[in-house]
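Please go over the structures that come below.
Here chain A shows up in two complexes: once beside chain B, once beside chain C.
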Partner chain A sequence: MSGSELPKLARVAHAGHCNRCLSALPSSHIQIDASRLAIGFYCFGTLDLLGSIYEKTKEIEREGWREWLWHQQTNRPYGTDPEEYSEYDTPHLIMTYTAILSLAILRDDFEQLDRNGIVRFLQACQREDGSFTSFPNGGESDLRQVYCAFAISSMLDDWSGVDVDRAVSFIQQCSSHEGGYGQQPTGEALGGTTYCALASLYLAPSVSDLHAPNPHVTTDERRRTIRWLLQNQASSGGFSGRTNKDADACYCFWCGASLHILGVGDLVDRTAFLSYLASCQFKFGGIGKAPEDRPDPYHTYLSLAALALFPLEDADPSWKLPRLNALWNTTEDTADWIRQHVPLYTVKAQSPVRK
Partner chain B sequence: MPDIAGDGPEEQPLFSERPDWTDVTPVPQYEGYNPIAPIFYTPQYYFRGIVKTNEKSERVLELTEAIIRLNPAHYSAWQYRYHTLLAIKAPLDAELKLMDSLAVQFLKTYQVWHHRRLILTAIYSPPPSNASGLNDPTATTSSSAKSKPSPESQAAARTELAFITRVLMVDAKNYHTWSYRQWLLAFFDDVHLWEGELGFVERLLEEDVRNNSAWHHRFFVVFGRGQLQGEEDRVAVLKRELSYTKDQIALAPNNASAWNYLRGILERTGTSFSNLRSFVEPYTKTHEDRLGDEEILDLENPAPSAEAELPCVAALEFLADIYEKDAVSKSVEIWKRLANELDTMRKKYWEYRIKEALKDVPVQS
Partner chain C sequence: MHGVKRVQYSQAALEAKKQRDHDKLKAYLALSDDVIARKKSHDMSNEAFELTTRLLRMNPEFYTVWNYRRDMFIESLFPQRSPSEVNELLSDDLSLTFELLKQHPKVYGIWNHRRWCLEHIPDGPSPDDVNGYRNSTWNKELFVVEKMLDADARNFHAWNYRRYILATMPFPPPPKSELAYTTRKIEANFSNFSAWHQRSKVLTTLWETGELDRVKSIEEEFELVRNAMYTDPDDQSVWIYHAWLIGNGNYAARLQFEITSIQELLDEQPDSKWDKKALVDSCLELLAKLRDIDPPRRRRYDEIAEGIRSGNEMQ
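Presenting the complex of A and B:
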C-alpha cells in the first residue's frame, strides 16, 4: 500500500477528543487523577501538533488553564514563598515536566516560574544511585524520572540540580542484554524507558551535537540498541514495547523516536508505520493503542508525535504535521518558545547548542 | 506511563454522613480555578482534612483504604497510609494480606507494588535511622545502613515468591510483578531462593516459550547478580545455559526471545558467535536443502524439528554476524536475502548493515 492509498488523518475528530478530555473525564478515570497534568499535556500537545490551539480553544480558556497550571506550582518547602501546602502536596517530577511543556504550548511568559525552587527540588529528588524519585523521600524512581529531570534541566539551561555523572551511570546500568533499556537496572528492555535513556544521554550537557558520537553510548551498545528497536517493528507496521509482545501505537513514538535520536530514523518502514497508526484511529475521534481499541489522549498524542517524526512523501496532506523536537517531545515551534522564555538568561541570538 | 483502567468506582461510604467523621473538615480542591480534566470524588477531601491535622489513627487506615480502592494511583494516600501504619504500630502482616487481595485487582498500578516493598522492608529489616525517618527504606545501595534480613525470613520470602507466582498466573508478563520479584530476590539474597528460580523460569517457558519476561528473568538470575564464584563455575554455567537455550530454539526456532538470550549470554561472557556455527547452520536452510545433509543425532546441537518454519531469519542474521569478521561477502549475501525476500519489513536495516560492513573493507582494485 503506498502513502497515497492511506485513509486521511481525522484531524478535527482527534482535536475534538482531546478538547472533550480537557473539560471533563468520567469517574471511571479516577486512576489518572494524580496524573491530570500529564493528561493535560497530551491534550495540549495534540492540539499543538494539529495546529488547532488557537482555533479550537478560546483565550479565556487558555488563560484559565495557565492560571490552574500555575496554581499547581508549589512553593514549599522547595520554593521561596510559604503557602498552605502539606508535605503530602509535594511537587511531582513528571508533572513538573508536563506542566512546563503545557505552559509553553499555551505560550506563557514564564514570569512566575520558580527556577531556583525547581533546581532545589531536583536536587532533593536525586538518590545516591543517580536515579530520581517522583518526589523527595518517596515514590517510584526509574528512568522516567531521570528523563524528566534531564529535560527540565535542559529547558532551564541549568544543570546545577543534577549530578549528571551519577545519573548517567544509573542510565547505563539499565541497559539489558537485549540492547534496550529497562525501567530500572534489573528491568526487561522496554520501549518507553529506552526512549527515556537515550533522550537523557543526548540531552546531557557534555553532548554537543545529535549527529556526533555520544560519549555515553559505546559503538557496541548503539548497535545492539538499534537492532533491538528495529526488531520491535511488527508485521502490522506498528512497534511493540518488548520482545514478543503485540504492537501498540504509543511504542511507535517511544521506539521510533529512539531510532530518530540514534540517527537511524530512516531505517523504519514508514509506509507500514503510517498504515498501522492510521488503522488505530477511532471512528469518533482520538487514537487508540491498537485497531478497534478505545482512544485516549496519551495514545492520541504519541501517535501524532510519532507521525511528525516520520513524514511520508506521497501521503495525503492531512498527514502533514509540524517538525517535532524528539528530545523534549514537543513541536520545534514550542521548543523555540521554551528556549526564549524558560531559562533565566536567554541569548537573543540563536544558541550554538541546537538540540 | 498512565494506565487507564476503565473500571467504575465501587460503592463508598459517604464520609459526610458518618457521625465518627463529623470532627474532620473536608478540604475541597477546586476553589476559583478552571481545572484541567477535573474528576470529582469526596473521600479525597476528607484525606486533605486529616493531613492538615496530621492525624495518624485507625480511622485513617479506613479512609486511605477507601481512597486507594477508588484510585490505586493516589500516591499521597499510599504514602500517608504507610506512615500511619508505622506510627500506630499496626500489624504489618495483616497489611500484607490486604495487599494480596488488592494486588490482582490493581496489578498494573505501580503503587501497589511499591507499598508492598515498603511493608516487606519494614517487617524484615528496620529502616535506617535518620532525622526525619522519611528516607525511602527500599534503597538498595550497598552503602546504606540496611541490615541483613534474619534467617527466619526465608519462609516469608518463599511465601512472597509463591504469591508473585500466583499473580503471574493472571498476567505472565506484568512488568511490575517481575520487577518486584527481582527486587525480592536481591533483598533476601538467599542462595537457595536464587537457585529455585531456574526451575521457576523453566516452568513458565514450558507454558509459553515466547514469554520474554521469563527469559529476561533468567538472564538476571544467572548473570545479573554478578556472583559467579570461580572460573570453573563460569564455564559450567555457560555450558548449561547454551544447552538450555539451544533446546528451546530447536522447539520453536522463530522466537526472538531465545535468540536475544543466546546472543546476550555470548556477548556477556565474551564468547565468539562462531562457536555456535554448527548449531546455527541447519536453521539457515530450508527443509528441502537439509534433506541432502546427513542425519546425525547431535545432542549438543539439536536440529530443527520437521514442523519448524525454515529458514529461520534469526539464524541467518546470526550466521551473517559470524561471517562479518572474516568473510564479509557471505554476510552481504545473507543480508541481501533478508532485505529482499525473508525480512522485508527491515529491508532498510539490512541494507544499512551492508553499507556499514563494506565501509570497513579496504577497496580492492
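Presenting the complex of A and C:
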C-alpha cells in the first residue's frame, strides 16, 4: 500500500481522547494514579504534536494544569535534615522529567523552578555503579532513570548533579550481545531501554552531533544494535520491543527513535510503519498498542511522536506533524522554549543547537 | 494500558458497571487521601500501617505508599521488637508481594519492595545461627521466581530478579543447575529468547570458572542450536544465539561447518570453494534473495551490499 492509500490520521478524535483523559480516568486505571504526571505529559504531548493545545484547551485550564504541576514540586526534602534527602522522600525522577516537559508544552516561564533543588535531587539519586534510582536513596534503578537524569541535566544545561563518566560506564555495561541495551547489566535487550541508553549517550556533554560517531558507542555495538533494532520491525510494519515478541505501537517510537538517533532512520520501512500505526487507531479516538486494542494516552502520544520522526512524502496531509526533538522527546518548538526558559542562564542571541 | 481488555456490556449491565466503578473510585480516593494525609503528618501507627496494606492491594503501583510503609517498618514497627517478630513481619510482606505479583507481575514497585524485605531480614534465630532466617527466606525465592516464570516465561522483571537472587543469596545452587533450568525452559519453547539469553550468561560464567571446557561446550551448543534451527528455522531466538556462539570462537573449521549446515537448510548445494570472490558473490546473491523475502529490511540489505561492493573495489 502506498502512502496515498492510507486512511487519514484522525487528529480531532485523538485530541478528544487525550482531553477526556485529562479530566478523568475510569476505575480500571486506578493503578496509574501515582503516575498522573506521566499521563499528563502523554496527553499534553499529544495535543502539542497535533498543534491543538490552544484550540482544544482554555487558558483557565492551562493555568490550572500549570498550577497542579507546580504543586508537585517538592520544595525541601521530607525528613528532619533540610540538606540531606532521607531514604523515604518521594520526589520521583521520571515524574520530574515529565513535569518539566509538560510545563514547557504549557509555555510556563519556569520562574518557580527550583534548579538547585533538582541538582541536589539528582545527586541523591545516583548510585555507586553510576545508575539512578527513582527517588533519593531508594527505589528501583535502571536505564529509564539514567535517561531522565540526563534529559533533565541537559534541559537545565547544568550537569553538576550527575557523575557523567560513571553513568556512561553503567550504560555501556547494559549493552547486550544481541545488540541494544538491557535494564541492567546481564539483562535482555529491550526497546525502551535501548532508546534510553542511546538518547543518554547522545545527550551527554561533549557529544555534539547526532550524525557524527559517538565516542561512547563502539562500532561493534552500533552495528549489532542497528541490526537488532531493524530485526524488530515485523512484516506488519510495527516494531516489537524484544526478540520474538509481538509488534506494539509504543515500540515504533522506542525502536524507531533509536534508529533515528543512530542516523539510520532511512533504513526503516516507512510505508509499512505508517500503515501499522494507522491501523492501531481506535474508532472513537486514541491509539492502542495493536489493531483492535483499547487506546490510552501513552500509546497515542508515542505513536504520534514516532510518526513525527518518519514523515511519508505522499501521505495525506492529515499525517503531517511538526518536527520532533528525538533526544528530549518533544516537538522542536517546545524544545526551543525549554532552551530559552529552563536553564538558569540563557543566551538569547545564540542560535539553538539542533539535536 | 498494556493488558486492559475490552468487554461488551448490555445497557443494564453497563449502568450497573458504571455504579460499581463510581463506588470503587470513591472508596479508592477516600482511602488514598486518608493515607497521604497520615503520611504528611508522620503517622506511624498500626492503624496507618493497616491502611497502607489496603491501599496497596487496590493500587500496588503507588510507590509513595510503599515508601511510607517501609518508613513505618524502620521507625516504628521494627524498633522494640525481637528479631523473630521482625522476621515474621517481613515474611508477611513477602507473602503480600507474592500475592500482588500474581495479579500484577510487571509492577516495579512490588519487585522493589520484595528486594527491600530480603535485604532487611535480621540476624537470627540465635547467636550461633545468625544466618538462619536469611537462608531459609532466600532459599524460597527461587521457588517464587519459578512460579512467576511458569506464568510468563518472558517476564523480564522475573528474569532480572532471578539473576539478582542467584547473585545475592547466601548459598546459591551451582551454575550447572541453572544451565539445566535454561535447558528445560528452552525445550518447553524454542522461541523463549529470555531463556536462551540466560543460558548465554550462565555458560560464560561456567567457561570463566573452568567448570565447563569451553571448546567442548561450544560444540554441544552448536548441536543444540542446530536441532532448534531444523525444528523451526523461522525462530529469531535461535539465530541470535547462533550468532553469539560464532562470536565466541574463531575457528575456521567450525565456521565452514556452520555455513555448510545453513546452506543445506536453504536447500542449496554446499559450496566447497571459499576464496574471497566466491564469498563476495555468495553474499551478494544471498542479499538479493533477502530483499525479496524480507521486504521490511530491503534498505538494510542494500546498504550491506553496497558496503561489500565498495569494500571489494577498494581491494
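The working rule: the second predicted complex is superposed on the first by the 339 of 355 C-alpha atoms of A that agree within 3 Å, B and C clash if a C-alpha of one lies under 4 Å from a C-alpha of the other, contacts with A are read in each partner's own complex, and residues count from 1 in each chain.
Please note the rule applied: contacts are C-beta pairs under 8 Å (C-beta built on N, C-alpha and C of every residue); 3 or more make two chains touch, one makes a residue touch a chain.
As the structure is a computational prediction, the values presented were derived from the model and not from experiment.
Asker: Please determine, from the superposition on chain A, whether chain B and chain C clash or fit.
Answerer: By the criteria stated at the top, chain C and chain B clash after superposition.
Asker: Determine, under the contact definition given at the top, whether A:Phe310 touches first (chain B), second (chain C), both, or neither.
Answerer: neither
Asker: Looking only at chain A, is it chain B or chain C that touches more of its residues?
Answerer: B
Asker: A:Tyr276 contacts which: chain B (first), chain C (second), both, neither?
Answerer: A:Tyr276: touches no partner chain.
Asker: With the two complexes superposed on chain A, say which partner A:Gly64 touches: chain B (first), chain C (second), both, or neither.
Answerer: Touch status of A:Gly64: first partner only.
Asker: Looking at the overlay, does A:Phe132 come into contact with chain B only (first), chain C only (second), both, or neither?
Answerer: Once the two structures are laid over each other on A, A:Phe132 reaches no partner at all.
Asker: Which partner chains sit in contact with A:Lys289 here, chain B, chain C, both or neither? Use first/second/both/neither.
Answerer: Touch partner of A:Lys289: chain C, not chain B.
Asker: Looking at the overlay, does A:Tyr202 come into contact with chain B only (first), chain C only (second), both, or neither?
Answerer: Once the two structures are laid over each other on A, A:Tyr202 reaches no partner at all.
Asker: For A:Leu22, select first, second, both or neither according to whether it touches chain B, chain C, the two together, or no partner.
Answerer: After superposing on A, A:Leu22 lies in contact with chain B but is clear of chain C.
Asker: Scan A:Arg36 for contacts with chain B and chain C and give back first, second, both or neither.
Answerer: first
Asker: In the superposed view, which residues of chain A touch chain B and also chain C?
Answerer: In the superposed arrangement, which is not itself an observed complex, chain A uses residues 27-35, 88, 134-135, 138-140, 176-178, 183-184, 186-188, 190, 226, 228, 230-231, 233, 235, 237, 242-245, 266-269, 272, 294, 296, 298 for both chain B and chain C.
Asker: Applying the document's contact rule, which stretches of chain C touch chain A when the two form their complex?
Answerer: Against chain A, chain C makes touches at 1-2, 4-6, 21, 24-25, 28, 32, 58-64, 67-68, 70-71, 74, 104, 107-109, 111-112, 116, 154, 156, 159-160, 163, 191-194, 197, 200-201, 235-237, 240, 244, 247, 295-300, 303.
Asker: Once bound in the complex, which stretches of chain B touch chain A?
Answerer: 1-9, 33-41, 44, 51-52, 70-76, 79-80, 109-110, 114, 132, 134-136, 139-141, 143-144, 173, 175, 178-179, 182-183, 186, 210-213, 216-217, 219-220, 223-224, 255-257, 260-261, 263-265, 267-268, 345-349, 352
Asker: Considering the complex alone, what residue numbers of chain A touch chain C?
Answerer: Going through chain A, the ones touching chain C are 26-35, 87-88, 90, 92, 134-135, 138-140, 176-178, 182-184, 186-188, 190, 226-228, 230-231, 233-235, 237, 242-245, 248, 266-269, 272, 289, 293-294, 296, 298.
Asker: In the complex of these two chains, what residues of chain A are touching chain B?
Answerer: 21-25, 27-40, 43, 61, 64-65, 67-69, 71, 86, 88-89, 127-129, 133-135, 137-141, 144, 176-179, 183-184, 186-190, 192, 224, 226, 228, 230-231, 233, 235, 237, 242-245, 250, 264, 266-269, 272, 294, 296, 298
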